[in-house]
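Heads up, the next two complexes both have subunit A, just with different partners, subunit B and then subunit C.
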Partner chain A sequence: MNDTSVIQTRGLTKYFGRQPAVYELNLEVPRGCVFAFLGRNGSGKTTTIRMLMGLAQPTRGTGTIFGCNIEALTPEIRARIGYLTEEHQLYGWMNVTESGAFQAEFFPRWNDRIFRGIAGHFGLKPTAKVKDLSRGERAGLCLALTLAPEPELLMLDDPGLGLDPVARRSLVESMIFLTRKSDRTIFFSSHHLSDVERVADYIAVLDRSVLRACCPLEKFQESVQQVRMQFSGAPPVLPKIPGLLQAVRTENELRVTCAHYNGQTESILRSLSPLTMETVPLGLEEAFISYLGERGEKTFILSELEAQP
Partner chain B sequence: MKAIIQKDLRENLKVALIGLAIFSFILLQGYQTSTTELGALLAGGMPEDGGSLQPLISPNLLSEAAFFCAVFGAALGFLQTLNEANRDLWAFLIHRPVTRAEIFQGKVTAGMCLYGFGAGLPLLVFVAVVRWPGHIAAPFEWKMVLPLVSIFLSGLGFYFAGLLTGLRRARWYVSRGFGLGLAVFTSVGIFNLTEFWQTLLLTTVVVLILAAAVWGAYQSGGFYHGQPLTGRLAAATAVTAGCGCVLGAGAGLLAGLVFNPLSDHTSAYSYYQMTREGVIYKETYSDNELVAIEDLNGHPLLDPKTGQNMDRVEFNKHVSPSLAVYSRFKYGDQIRGNAQNPGRFFSIVNVRDKTIWYLDRHGELTSYDGRTRKYSGRLAPPGDSSRLLSEPFLFQPNEVPFYYPYADSSWKMMATARAVYRVDFKARDIQPIFNVTNDDEIGAFSSAPFVSDERAPKTFFLTTRKTICLGDATRRSIFSLPYQPGYNDYPRIQFGSIYTTNNTPITTESFYVWFEPDNQMNKLSDWKMPIHILWLGPDQTVTNRTDIPSIPTPDYHAWPDALAAALAPPPAHLVYDNQISSPWSVLCFALAGVSAVIGWLLARRYNFSTGACLGWTLFIFVTGIAGLLGFLCVQDWPAREPCPNCRKLRTVDRENCEHCASPFPPPARTGTEIFEPLVKQS
Partner chain C sequence: MSLAFNIHPGANTPIYRQITDQVRLAVTTGKLAVGDQLPSVRALAEELVVNPNTVARAYADLMREGLLESRAGRGVFITPKRKVFSRAEGWRRLEPLLDTLIGEAMTLDFTREELREALEKKLTQWKQPKGGEQ
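The block that comes next holds the complex of A and B.
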């Protein structure tokens, strides 16, 4: 194993019945980075995280966290990992203080100052019952419980799920504040690409159970490019383009999005003799949507429909 | 672990409180029933059962307590895991720097404390109340607490089964509850086994198996795969037991609803009867309908009034009243009984002047004042000065379970192993009326044989090792015969009076005595042991004797029995071979063999190791069809898909194809992959 890798998987696979939820996942997460794990619903993100945390058994393949087999994580290794589940479930009958006290019993490096700080940041009353907390408050309490043990690795499964923008912003800020101070690693899944864009160093993208991208965030944004071409008439038939993600044609315009846009791609597109040809900058969200959206050519035929009697 | 114990105690305290309230109510009801029964008895009524007077051994209370402990234990265990059934809460529980074994220990410690609180505390209070003089007017001994202790302990099996039900992640959702099947065995055992140590052993084994299965489930998050070997063995055993229960219930339903109504009943049986004229007839029944009454030569008995075959009602008018006793010695060793039999501890022998007289299992005649509910003395035969303790009365728990107040008098005849006494409860006096010789011993005694003349003195009938006697309360010996053949081969003795046809006895001293062979021995001898019959004349000499052939007990098995025999684990046939008919035994072994072959093929198909293949095949053969179902239920069967290389189906949980050893192919590339080596951030 690479010494700088906190998480490493080899051929990690999980089947539910006959369907693979995660297929042959090979992943390495360097120490000290913020690693975003992206994908559409059902792509296998949560299953992967649960496998990494030893909560779901892989059908085959192996994985390690801090060099320890994920199927036999020792208490010492668990003490170094903070895990935040997506539904922010806690014991409803406990109050905020009791939740902290319960968690503190187990973690040797429990930092009550951090716990109280985050709880205060989210405006949590110490005597408030967990079942009476709002979703955002519960998320804040979960984050406090996850961060107070001062873990070296944070595994966050869609921490912003269901939160309003304010609560989500608080969560992200807390995350950034605490993790940037030290050599901590954050591995998190999210659908909020603006959050990802703000904090992530690396991203990995799962598409229908298969890992399709794993690279620095900037590299992903560089690799996914969109080119807009104007034609005098109907756009010509598109030749085979390596790495084509999407091609959308209208009456006299063709927009082509592809991965690994390079000189060869550009020369192919220029051979179509467009009137104009320009590269459109894509944000992470557009790049991501293009990357995981429907592949192939699409034609908008709205004008043809309007022309019909 | 302390934090988990505290959390679970607090989380499930309400369940324990509800249990405490329900069980307290059940026990209070048992106490009330005892009070009601006592009142009825003192008012001259007949108690429903003698055991209710002592609620510790009341069959109704024991059944209710067993039901409660089973439901409470299972519910507590299930709810304790249900709290963390949500996968994220489960993750919150599991992801902490302790081993899963410690989490298991914490939860189980809390659960057992709560079970003890909900079921044990009311029980302790109940026993203390019952033990305290002035509450229960019935004998008490600490052994009477053991059935309730067994029931309490059996609830622990249900507790672990409940935990297992909540934890198991089974493919077949219903099979999650199969662990309860093993716990059911403890309940069955409590009401059928005779000794406390047997129920304790059974409960301990069941609890250990289920605890190991729960421990294993905690290790793997409820899945079979990933458990240690001990956990897997325990899970397989528990689930197989559950399959056995389901199979048994299914077979019973099938037999009761389908086979029995459709099948042709052949429950034919015959037995001999002696008429008041001293003639032997054989009655033959089929499906409880009289088929024939024939003499020993096979001629049908005709009704002289109609000239037709005599019917049952008419024939019963001719049958001689008789009495049978079973000779057994060393009563102390033979007095056994299961929890359903309160008579194994004591029987009520008399109620006089608001005083209830009990004969306890030690042969002691003790009395309790019905008003104060306190012990009020004992009666014992006049002691031999050389003995410290007086001779105990013979206690025949299974033969005299009920008390009949309407046939009660102020005195009774009771026997010890050496003498018969006239026990006067009103005067509290005991006088001997019959003694055996020093080298002899009474083996069977009946103080209330049929009475031919209400004005005649009360008679008693007894057998010793050497003789068979009929005497009366005036110390008169009516007859005495040598016990030939001996009591070992012929323990059952029947005798009766012979009358004239106009309902007047020929003489009150004309009798017949019938020696019946031991059923088991007779069966082993292929029913070749005859029944010996003697006729005694008025001078008590043997006037006639004959031997008639024994009638074999038919090996009739109802459909439920037959199906149970076929579906039972084969070792049961080796242990209980004499109780299970051979064709069904053969079918059982055949089914076990077929199941084992199916198991072997499945194990091979899913690429179990050779050891696992052999182990499962052996397990299935030993446990029969239930084992095969258990095998199917317990395994997390992986999917199979065609190998791109050899096209054969291969299991997805292996790194390489089991047929061609090729690895799984990497995901097909689309040309849109974006990968770049990751390096540590500066």
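The block that comes next holds the complex of A and C.
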């Protein structure tokens, strides 16, 4: 066991019927990092988080949080974790202050300054009734409730879901605020890649239940490259390229997107003897889409549409 | 002097490179001079709303290049000696920018002569950076 890892899983697998929701997941989350858990809808992110929190039983495989088996998390370990679900469970009849006071009863270590600070950051009035709050305000209240006990590990299941850009910025700022203490770890899932790019040190990409990448953010960005090649006529047939994600051909251009781009990939592409060849780094969002989008060679979608009668 | 950073997540350049590029540019254009202080890692991270490790990485890169130095307990400063890149590395970085410039100029129907004149004129406008070699 590596004690610099806060979360560790080995072959963690969960089946619903015959369908694997999470398959053979090996995850390692270093202490003190901001870890973004990415993947399309239904790729198994929430199921993974629920297994880590001991709320869903793995079909096989193991996992630990702070070195403790996830199937037997003790109250002491749980008290060190702040868990924010997708659903934002709250009591509608309470107001903001009452929600805080109620939650505080469950936590020996409750920092009311943090609670009020985060709530204020989201523009919440202390006397506002929970049932009257907007989606963004509810998210803010839940975040305040989750952060006030000063958890060492923060598990956020899609905290940005349904938030407007202003509320999302407040969320990101709150996450950055939390990194003030260097031993705090944040594990969050999200579809907002610009936010991920701002806050994350590490990313893991889940693709249809299987972990496809788990590395520092910049490494992911740097390993996915697009090469644009121009030809005098129609581009030649593409040879087999390791790590090929996508190839798009137009009249005399071929755009190839590869993972793990290296010298070998480059020499294969050069052997096609294009007129020009240009390597374009991709932004996180573009890299992510080519990583998880449909693989293989295709023509530009619009020209396909035009071709139809 | 303070530098107004412009950070764009979603761009093709990773955020730490956007920061290093902007500091380098500010130094070459004289917006930042030798001895100027940069914000602390924490302060800049909160100002730009990015992960502090990203800022730390950008600063570390700039320190390795000899553009920045950290003075214990006081902060991060632009250093006097600015031997940043080898000549070869400098050319390697300049080439693609020249290609972009010339490509754009040709597309916009500027003549070679016009481009040369424009470049000369620009060069006289730009301040000679202090403490530079050559």
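One rule holds for everything that comes next: the second predicted complex is superposed on the first by the 296 of 309 C-alpha atoms of A that agree within 3 Å, B and C clash if a C-alpha of one lies under 4 Å from a C-alpha of the other, contacts with A are read in each partner's own complex, and residues count from 1 in each chain.
Everything below uses one rule, namely that a residue touches a chain if its C-beta (ideal position, glycine included) is under 8 Å from a C-beta of that chain, and two chains touch if they have at least 3 such contacts.
Everything numeric here is computed off the predicted structure, so don't read it as measured data.
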item	value
Joint occupancy of subunit A by subunit B and subunit C, clash or fit	fit
Touched partner set for A:E285, first subunit B, second subunit C, both or neither	second
Touching partner for A:R116 - first (subunit B), second (subunit C), both, neither	neither
Subunit B versus subunit C as contact partner of A:T85, first or second or both or neither	first
Touching partner for A:H191 - first (subunit B), second (subunit C), both, neither	neither
Partner chain in contact with A:P30 - subunit B first, subunit C second, else both or neither	first
Which of subunit B and subunit C A:E173 touches, first, second, both or neither	second
Subunit B versus subunit C as contact partner of A:D201, first or second or both or neither	both
Angle at subunit A between subunit B and subunit C, C-alpha centres, nearest 10 degrees	160
If touched residues of subunit A are counted for subunit B and for subunit C, the larger one	B
Three-chain overlay, closest Cα atoms of subunit B and subunit C, distance in Å	8
Subunit C-contacting residues of subunit A that also contact subunit B	33, 201
Interfacial residue positions of subunit C with respect to subunit A in the complex	9-16, 42, 45-46, 49-53
Residues on subunit B engaged by subunit A in the complex (per definition of touch)	2-3, 7, 10-11, 83, 86-92, 94-99, 220-221, 223, 225-226, 638-639, 641, 652-655, 664, 666-667, 670-676, 678-681
Subunit B-facing residues of subunit A, complex	4, 11, 13, 15, 17-18, 20, 23-24, 28-33, 50, 53-57, 59-61, 71, 75-76, 78-79, 81, 83, 85-91, 93, 102-103, 105-108, 201-202, 205, 210-216, 219-220, 223-224, 242-245, 258-260, 291, 295
Interface residues, subunit A side, partner subunit C - complex	33-34, 169, 172-173, 176-177, 179-180, 193-195, 197-201, 217-218, 221-222, 280-286
